[in-house]
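Common to both upcoming complexes is subunit A, partnered first by subunit B, then by subunit C.
This part shows the complex of A and B:
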């Protein structure tokens, strides 16, 4: 680098934290190199701002004023406490992996239940032992291009999280959903940060459901940066579900990077109601023909919440199918953003892509920005996108009221029907039920 | 597929191999020295006999331009332009103040004849040239009134050489003249409206244009007047290595209506030519402006060499209540098109429309679209964009629809469809949709496809041969936009589009 960029306070904060981490780091050389390269990459690009096209609507430089310190040693978390944090999600019959500020809490996790079907390693152990599959996956799955600052940061602080690999023969099926619970924060009186990296390797012909739940302990603001790298083998099938319900002062930066083998099926769903600022990124790359990716989601935001969903789907090989379907309900001065870019490469013939984002604005001050982008270089493709934004339909409202339903209930009914269309796309019945309950609770909160 | 192959060949014939308008007219020209500096700006201003305020305005823009960087965000690639290697002013020598058509250099008129423009004004111009009678104009005026008449402000390189129908327009109170003349004769109007829609500092090329614009058209339609004829301008870039910097300003006063046509062809050149025009439209209360463009500049040869760089800033301001601005464009030419005719919907109940056909072939690059900025209440806008990419071209639609906080009841409908012909081209869609008002309703849809086998099969099952079926489908694909074109442009457009309509229109 020739000219040193002027660093913001937050960028300096990250640099300082990095040098602290470096001094007590003892992991292998290759990991250290990964971290250092990532940190210099971050130093070169800095926190994204609105002149960075991918971050046009989410100005991190302005929104992240200072960097919070890591949470340190995890506070002991009781099973009851966890159940409260999870709410309706706690009722889902799943095998749990609990990460408290990124650190795998073995007591709260059902490691034994998974021992037969999966190999599970806390990330720090995974990088120290460095089995080939871990080494092969880290950062090679589907890194965003151009380099993304939040992913680079996550890489620079690579230490916590969990690495999971199925070890079943094809065709295999994981009976119960695996729920990775990300608990952020603690009982202390200071704001904290957590950087988490998860690796999911779903073997050839294996069918699994993974739910990632992001919840918050305590009320202090926190900064979450969570990256999940997912690799699907041939004909593998994964339902990848996320629920994000952190506190109203939390900054949530999340990236899913997924690579699909031939004829694999990836069905993602993100349900997001929490956080002051949330940025949910999904990068999907098709590596084998005949695969399909469905990215669906529902966002409910109010107050001053800022919720950004950014997706990039890369049709690098022929014959793949992609769908994106998002519904947003925005109240008060909330701002919702959906950006999705579908790339179809020159020889990716027979690609089929369709994306849709629909927003319902409940108040004058709410804002919805959408950028459905298509970049197509092959001629035998069917691609399309749709985006709408509007309000509760007065005629529907009148119809319901004329049938004796009071206005608030009628309104709630219409909103829940609106988000319901997205939530219906969750395959797992228990998860779908929990999301419906959460959506209703959100609506009941209205005016409170 | 044979029919598709044939279509591709049609395109090649039409657009690349046989660029019909690649001739050069040998008229002596007066040129400013190469390069750009304050002296050139002064030279241009002096040549035009401009008042001091205009020169100051230009100089300010020039100084601003020096501080700006070329925009890099568009999806187009080209070698860096050396702005010091261009001529910024070229005027045909024989055109110093022609008062009537018969004073016009015959060669110039021949140029128009060669263009083969199926427009009324071409006949008129040819007629004048043949008969050499000064009474010709009057005959036309008295014998052929109302619909179908076109007044032309011909722009040959940089100077507006002749303006027809001035008298009749004057009767209606319409001012239609070169902008250089307007600066002198209607300074109040120019001062009041110039650069109020596209500020001098708006973007790199608009600022450059402000500094060096050579000529263009000025239109003022007074209150309550429906312009008695369609107004038209032909732009041609003729002189080697001359950038053409047109400036058009159209003002429709309260309750008035005007339809304006702009057509472009340029002779074949090896080196890239720069065209950086600025068009400003102002519609006051209840006024309507319809602005149609057919752009067919030289797209470069088979290897992608040469061709026009078309970097244009076009913007309309619906300033008054119930005003309407409608852009229709057919973009078939230019090596690079970088153009976003936009509407600022400021007045309550104002309407903005954008209808576009963009065809790219060979190595052409198109990055075009529109902006609809809803500021007033109950404003509505409609965007219909049809992109057809063939050969090795890239065709990008880039658009912004935004509703301001106060734009209650804003409505937008956007449909942008792309059709790909061949597997070496690219079609891209980059829409930005920003709703800051809950009472705004935005609908956006886009599709990208090739001609589907199902559609072909369906048509063929009904007795059409493959070629007819392809023609029908492509015809249907661009129909929404073709219908919005003024009658006068239909014939030329259909010829230019060849690709899609050949065979289906006979």
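This part shows the complex of A and C:
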């Protein structure tokens, strides 16, 4: 006998929004089926709560009280306004794809600049036209197992986002970084939500940099659910970078699902300062031998911000390397979480994995939770993990002060150095510089 | 002139008294050495002069050029002209040496009412001073002191000292961990800073450094007090006899 689970108000809200969407939808059957299956899946598992191991530190059932309506058709966004929203990120010389609440804004995007090297489709068009590469990727790149409620939700509302595929001959290199700007919110006085799904297909032997920048328009709370599925061909190389600076009332749910071909190189970096509640998930699967995945990040949080990074790296084949390195600066009553699970399958000999997460706590009330998990079924592997949390080092502080640097400035210098060690792992110089500037701006804001 | 009067200092955390009434006068233009056995309070004195808050002054005072600096914060002392060359200069990962030097120099200049240096002027100044100390530009590109040898670290200390132009230099065991060549370079750097306006306190366990930085006076510290004061020949005498008469047992 099965009993219908009692739904929370938020879960009922999602169900209601889904029926509304369904009545308007005219998509192809296969997409419609994907959505319906995903909604059934979500209805079965519901919003995750603290008794779900993967979500033990981030109780969405308790944190999401109500569901905001979709942002709908976005108000026109001017280039000047966009520049303000981007701040230092705007100085990066990149080819831009601008998504306003998930909808590709062609006027603000540099589609022409990419036409030679890439095929770019707004997601709704990608699912309508359904070229083979889209059908072959969508929802299948590296789906989380067991099913993840936020990814299921994203799938149920699949409509917006962008699909990108490189179409260069190998070996090839995209000259400029591609920046996907996710603008959330609007000028209206109501809280809004946006669900976005992106597809990135980096072809064999192609080298590229993709920056996903999440910024917010207006000050109303938003609920963001953004999923990016990334597939790297053999010997492909991708720097996948994220900056998240949304408003202090925003709930940010993000998932990157990535699959790496043989000898591919994936270097991810996530820099996060925004959002009231942020959950950044990265799922990486090695599908071919000799590939490497480096997941690095920096988090700066204060007030009551809650920032959760959850990673799962799947060594399904032999001879791959994975690294995770995170630095968190937590002030006031902020809470930072880093979970990283590394699975090494029985045949995945010569796997090499190491993870480290370090937090600097600037106040008594700040909290850091670190949960490394290693599940190793092969016998010839090297895997390790490390985690620390501490305060600003008093000896360092005295040294700097003895050289005439006033305490607040000395403290800022040391905190910036702490996050700087993570930011140094960003390969792209312009992005690295922008992140350093953003970190310094965050520090200068302190107590303001 | 540095005047230390009846200085009593304890470790803030556990109330252990380290300095038990130090009296010392160091006029401008002079170099004085503080020698003494291990545990006599030499390094504590250095830290207290720089304002480290692990220590608590329970009695007495420190005045520099007539200004009571006993309660001043470390950065205020630096502005007032106090510089401590650390026995163990600290490695700070993530802080670029040049960023640090510039922040330090400009903070001090600003607080002294001088103009901050422009980037080119600053670069030129650092390069010039670094060349004098045989510090390669490669070392200046690294995070502060990270991976430096003992000698390289001490040279960085002297570089900072020559940039900040302090009037009271306190060198805490600057000779420790140095080979003879490094010692000579460091001593030359210190000697180059000798001037009628500057006072220098050289703290050392061994006489060796004093062959290169010749002191006007030598004070022997033992049990938290100055137990003997003499000319530079006192250092040689101590080299002969050791600190046995001041309570340190022969090794």
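In this section, the second predicted complex is superposed on the first by the 447 of 448 C-alpha atoms of A that agree within 3 Å, B and C clash if a C-alpha of one lies under 4 Å from a C-alpha of the other, contacts with A are read in each partner's own complex, and residues count from 1 in each chain.
FYI, a contact is a pair of C-beta atoms (placed from the backbone, for glycine too) under 8 Å apart; a residue touches a chain by one contact, two chains touch by 3 or more.
Given the structure is predicted, the values throughout are model-derived calculations rather than measurements.
In the superposition on chain A, contact is made by A:399 with subunit C only, not with subunit B. When the two complexes are overlaid on their common chain A, residue A:420 makes contact with subunit C while staying clear of subunit B. Shared-chain residue A:407: touches subunit C; no touch with subunit B. Shared-chain residue A:80: touches no atom of subunit B or subunit C.
Note on subunit A: of its two partners subunit C and subunit B, the one contacting more of its residues is B. In the superposition on chain A, contact of A:29 is made with neither subunit B nor subunit C.
By the touch criterion defined above, A:132 lies against neither subunit B nor subunit C after alignment on the C-alpha atoms of chain A. Contact residues of subunit B toward subunit A in the complex are 73, 405, 418, 420-450, 452.
Considering their complex, residues 50-53, 73-75, 77-79, 83-84, 86, 89-90, 92-95, 99-100, 103-105, 107-108, 111, 143, 160, 164 of subunit C touch subunit A. Per the touch definition, subunit A reaches subunit C in the complex via residues 395-396, 398-407, 409-410, 413-414, 416-418, 420-421, 424.
The touching residues of subunit A, when paired with subunit B in their complex, are 53, 346-347, 349, 359, 361-391.
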